[in-house]
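Take a look at these structures.
Paired with chain B in one complex and with chain C in the other, chain A is shared by the two complexes that follow.
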Partner chain A sequence: MTDSKQALSVRDRARSLVGNQTSLLIVVMIVLSVVFTAFSNGTFLSTGVFANILTDWGGYILLAVGQTLVVISGGIDLSVGSTVSLSSVVAGFFMVKILGLNSDLKGVDAWGVLALAALVAIATGLVVGAVNAVLINVLKIVPFIATLSTFGAAAGLAIIVSGGMPMQGPSDFSLINPVRIPGIDPAVFDTGLFSPMVLVMIIVTAIVGLFLHKARFGLYTYAIGSNAFAARAAGINVKVHTSKIYLVSGALSGIAGFYAYIRLGSGSPSSGMGMELYAIAATVIGGASLMGGVGRMWGTALGTLILFTVQSGLLMTGVATDWKQIIVAILIAAAVAVQTLQKKNGAR
Partner chain B sequence: MAGEVIYEVKNVSKRYGSVVALDGASLKLHAGEVLGLVGDNGAGKSTLVKVLSGAHDADGGELFLDGKEVRWHDPRQALDAGIETLYQESGLAPHLTVSQNVFLGREKFVKGFFGKLGFLARKQMEIEAHHDLEEVGIAVPSSNRSVSQLSGGQRQAVAIGRAVSWAQRVIILDEPTNHLGARQAGEVLQIVKAAKAKGLGVIFISHTLPHVLEVTDRVVVLRLGKIVKDAPTNLFDGDTLVAMITGTITELPSEKSK
Partner chain C sequence: MKRSLRTIAAFGVAAALAVGASGCAADKQITIAFVMGAESDPFFQAMKVGAEAEAKAEGVKLIWQGDASHYDVATEVPIVDNVIAQKPDGLVLIPTDPDGLQASNDKAIAAGIAVANVDTHVTDLSKVITFITGDNGDGGAKAAKAIADKIGYAAGKTYQVVVGLTSATATTNVARLEGFKAAVAQDYPGIQIMDVAYSAANPQTAASNVNNWLTKYPNLVGIFAIDGTNASGAAAALQAKGLTKKIALVGYDAYPANVELIKSGVFTALIAQDPAAEARLAIKTLVDYIKNKKSPAQRDVVIANVTLDANTSAADLAKYTYVATN
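Presenting the complex of A and B:
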């Protein structure tokens, strides 16, 4: 009895070491960095390059975070990219057309109005999330079609609200520029890795990750994606919980919309175009299963990082950026293949 | 031997479109009684289970728990009233651990502010789940193992253990011995007997008639959505039970002789 228990725990440990998506992703990340460094004559391995990667990462991470929740619950949210466009445009519209401000308002002076604009962007995302929730849980449309509709509607609305042109308004680019630790000479060692906005994105990701892995919100998300019937039988209100998930995904897309605004200093109707596919790709590379019930926040954070490392790396090594999409496709296929292998070895 | 009536079904009907799944079914379940519910495929057993457990609303009829009329719109309400159900379709979430499944819908939280935010007392639940399952008579290797890593028999044992440890009044078991080996099925029957001894009302649904004859006190036979027989188990044997289910007889030999 004790012998078999011992054997089990050893096997479990071996399995978790090999089968752990997170450690695998870290290895992939390190290998990619080494390869890119070698092929770029060392220019890849610099603070500036990684700061750029992180800035890109910050633009997409919250979409991937929201997508992770949705995918674990067994759904999909195609509307997140359009929600970024719409919420960045609405934030611009709010400051330019409603408050009557223009791009002359810069720097610290703009902080107050930018904070308001952030709330407007989040509210816009929440509205899209609410529409998704109603389409899915009241009208019973499958998530793919429901969010495909809002994907189109939000993109169209972004063009209508903005008149098809970026809405330039108050800005503070210092929020998106890497902050250096004072007292350390950048010429000796550049500490400028994280911008204030990237730090906020990391904090939001960590908070959502804690709720996913440590709180009831996450437990119900996994339960619904794992076996919706069992979740309902256990007394979980599946409709209410999935509605919450789409609302969270919408709100996170709204924050990402605000990030896009800060980055450009304007609300552009094309700022979120195509982002949903990257968000889904990052989630899948991070180990989430589109069948539901599987996924980790660490995986998603690393999956997103790998995507943009590849993008920057290809640029630095002089490989035509046309190859980018093919490399991303290979990463997605590899991630799913690894998952299938793990399933074969893991579950009986 | 059996106590007072705990759960009563009066004239319950349920239709799916033009298909009548249940047609005026009535039955009484007593405390400390195991009631066998048998019938052919499509006889209405699973529909009756879903009405009793709150998973489906009945179209007509009444339910009484402890003599008071109840009406379920949601499984949560039946659970809160002390009615636990083991569904034929697995009632466990395979990606969650044993303890997460045992406590699903009844989580324990850490103390203080983080508990109010919904942060879970994971260690506490693992220890308690292990203890609860052991008390019911189920040895599970580890309560922090995911259910997908358990064998079919272990999964079924966890599902039953979960239902028995939470049940306050009634426990409904839909095909609890399905796909189990002889030894594991024997363990399940022991658990059913233990639940009965605790004074719970047990509804035992099964196609495995020897198990029904072994563990139940009374048998209710459903055919085409109607209850065609409700009699003490000792009046049946394997042959008469099969004949009653398939409809080749409508009365028990013992009744005819009267």
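Presenting the complex of A and C:
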């Protein structure tokens, strides 16, 4: 730590690229994998299990990505889970009630209409994000309360739109199934890790990550979260920028809603149930501070991965899944403790 | 002006009702409050349809309440308190927790409200007018039979199955699982229940659990998805992995989307309840009690569950399929 201020060594450059928290998270991830492998007689360490973890990761990651932006800017977005429910239901409603299609439309034939449904889901998320932005920046409601109200409203609307039941429409389950490299026998070596939908989620995460760490958008976000007054004094339009952040969080939740639709083959009014808490947990485990100004996309991606490693690991080792909540709680507490220690040491 | 018109109209209606109800003890309109678990659950949507129909038929006012999406004791208790403050004549309560809702249940009774429990029940039912539920234990047994039939159960062989639940404490989940286990122990000892896991009411989590089980138990032959949420999630997971028809999937609750999937073979069978009938009977019993102070002959009423499968007639499928309220 002492010589880091003198000159930027390769190690320091590497560290500044991924951040301290990230290397810690990778260690946690490896330790968890080793423990779960040991206690599951080796069954945990398989392509199948990691494909399952990635499928779960794909469902939650964009909520965590959006939450990371919001949290770094010093806010919080509780509406993301309900937005998933609402946008998946609206996507279903669009295909079933407006276009008059049903579940007979399957596979590649459904791609055109599913692409349209994806746009509808994103638009739905944007609407929720816009309402959040107005509540926070025009009506001056604190983010916690503003997004708590949209959380309730979106959940209620999801029930009204769907009539309270899953809306089954066109589907293509191959989009959520891991793709294997052709020519390699899966019995010998299973290459099926990533489904097309998970790959899309990775790409979206990377794009938002670039905006956060390499563009002015990110610079403004950190500036506002660190000190909104100073940011305003420096000429940043804080209202406009935080509005953008809630819009992005809404749109990302809309994509997650579309992911839920593809995963279930139907728009379910409970498909986003409880997801907001996991998104916040993943963000905090990933090293973001609810005080604002601190957080990294790598951390969030790994934090989300750790959450679902725990979920799958407990099931594979046969430990009652009730323990998941306890382990997640420990991880959150540990993450915050590490942050505090790092702050003391003058590092971030 | 508008308000006075409304008042006059209300008086008119009240007068008409009073004339219509002449001979009855109560001249004022009876109000029945209905506090259910979670609005987002199709089971309660189907129940709402039955409750509204019966309230209309009986000419009583219905207050339908419950959390939008959380089937949770923490959200239900304040809702019940709020409803008691509105002084209804009767309360149909669906307790999300047997002990957690006991105090609210007793508070309503102490306030002179006639209370019925539907679907699930509080621990001490002694002052409750009626408890109406689907036969969840029998439903669990029917699920075991449906799985055994599908896998061609033969004595002496072993079969691996798993059960997807929503929570460890919901009394319907518990009763179904116990019925399932009892039937397995008695009639199909070769069936091994390898694991249970919880969805916390999110179908994506239910799908994730099934995904993990399929990896963990390559010889899995059957899944009992204990409610509609788990049924949706399990059906999606099996379809995604192309394991439809290869694994016996028995679900619960007749969501329209899931009934569709019986035809395509995704579901071996669905065990269906009749939530609308439960709601109708609960309101009818309470109104009867409030008007005539007459307790039902039997406090506990069990409405049988039915097995819906590929052999069920279209008419029966239509009868038991839940109706969406939109």
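Note that in this section the second predicted complex is superposed on the first by the 327 of 348 C-alpha atoms of A that agree within 3 Å, B and C clash if a C-alpha of one lies under 4 Å from a C-alpha of the other, contacts with A are read in each partner's own complex, and residues count from 1 in each chain.
The criterion applied here is as follows: a contact is a pair of C-beta atoms (placed from the backbone, for glycine too) under 8 Å apart; a residue touches a chain by one contact, two chains touch by 3 or more.
What you see is a predicted model, and the numbers here were worked out from it, not measured in a lab.
Do chain B and chain C fit side by side on chain A in the superposed arrangement, or is it a clash?
Verdict on chain A: chain B and chain C fit.
Which angle, in steps of 10°, is spanned at chain A by chain B and chain C when each chain is reduced to its C-alpha centre?
Apex at chain A; the opening toward chain B and chain C is 130 degrees.
Decide which partner touches more residues of chain A, taking chain B and chain C as the two options.
Between chain B and chain C, the winner on chain A residue contacts is C.
Applying the touch criterion given at the start, work out whether A:225 contacts chain B, chain C, both or neither, answering first, second, both or neither.
A:225 sits against chain B, while chain C stays out of touch.
Taking the superposition as given, does A:268 touch the first partner, chain B, the second, chain C, both, or neither?
Second partner only, chain C.
Output check: A:216 vs chain B and chain C. Expected answer is one of first, second, both, neither. What do you get?
Touch partner of A:216: chain B, not chain C.
Applying the document's definition of touch, where does A:186 land relative to chain B and chain C: first, second, both, or neither?
neither
For A:48, select first, second, both or neither according to whether it touches chain B, chain C, the two together, or no partner.
Second partner only, chain C.
Tell me the contact category for A:234 with respect to chain B and chain C: first, second, both or neither.
first
Report for A:112: first if it touches chain B alone, second if chain C alone, otherwise both or neither.
neither
Can you work out, in whole Å, how close the C-alpha atoms of chain B and chain C get once everything is superposed?
When the complexes share the chain A frame, the smallest chain B-chain C C-alpha distance is 35 Å.
Applying the document's contact rule, which stretches of chain C touch chain A when the two form their complex?
39-42, 44-45, 68-69, 168, 195, 197-198, 200-204, 207-209, 211-216, 229, 232-233, 235-236, 239-241, 255-257, 260, 322, 324-326
If you look only at chain B, which of its residues touch chain A in the complex?
Going through chain B, the ones touching chain A are 53, 55, 74-76, 79-80, 85, 87, 89-96, 100-101, 104-107, 109, 117-120, 122, 141-142, 145, 148-151.
In their complex, what parts of chain A are in touch with chain C?
Where chain A meets chain C, its residues are 40, 43, 46, 48-49, 52, 55-56, 59, 82, 85, 103, 152, 155-156, 158-168, 171, 173-174, 176-177, 260, 263-266, 268-275, 308, 311-312, 315-316, 318, 321-322.
Spell out the residues on chain A that touch chain B in their complex, using ranges where they run on.
These residues of chain A touch chain B: 5, 8, 12, 210-211, 214-217, 219, 222-223, 225-227, 229-237, 293-294, 346-348.
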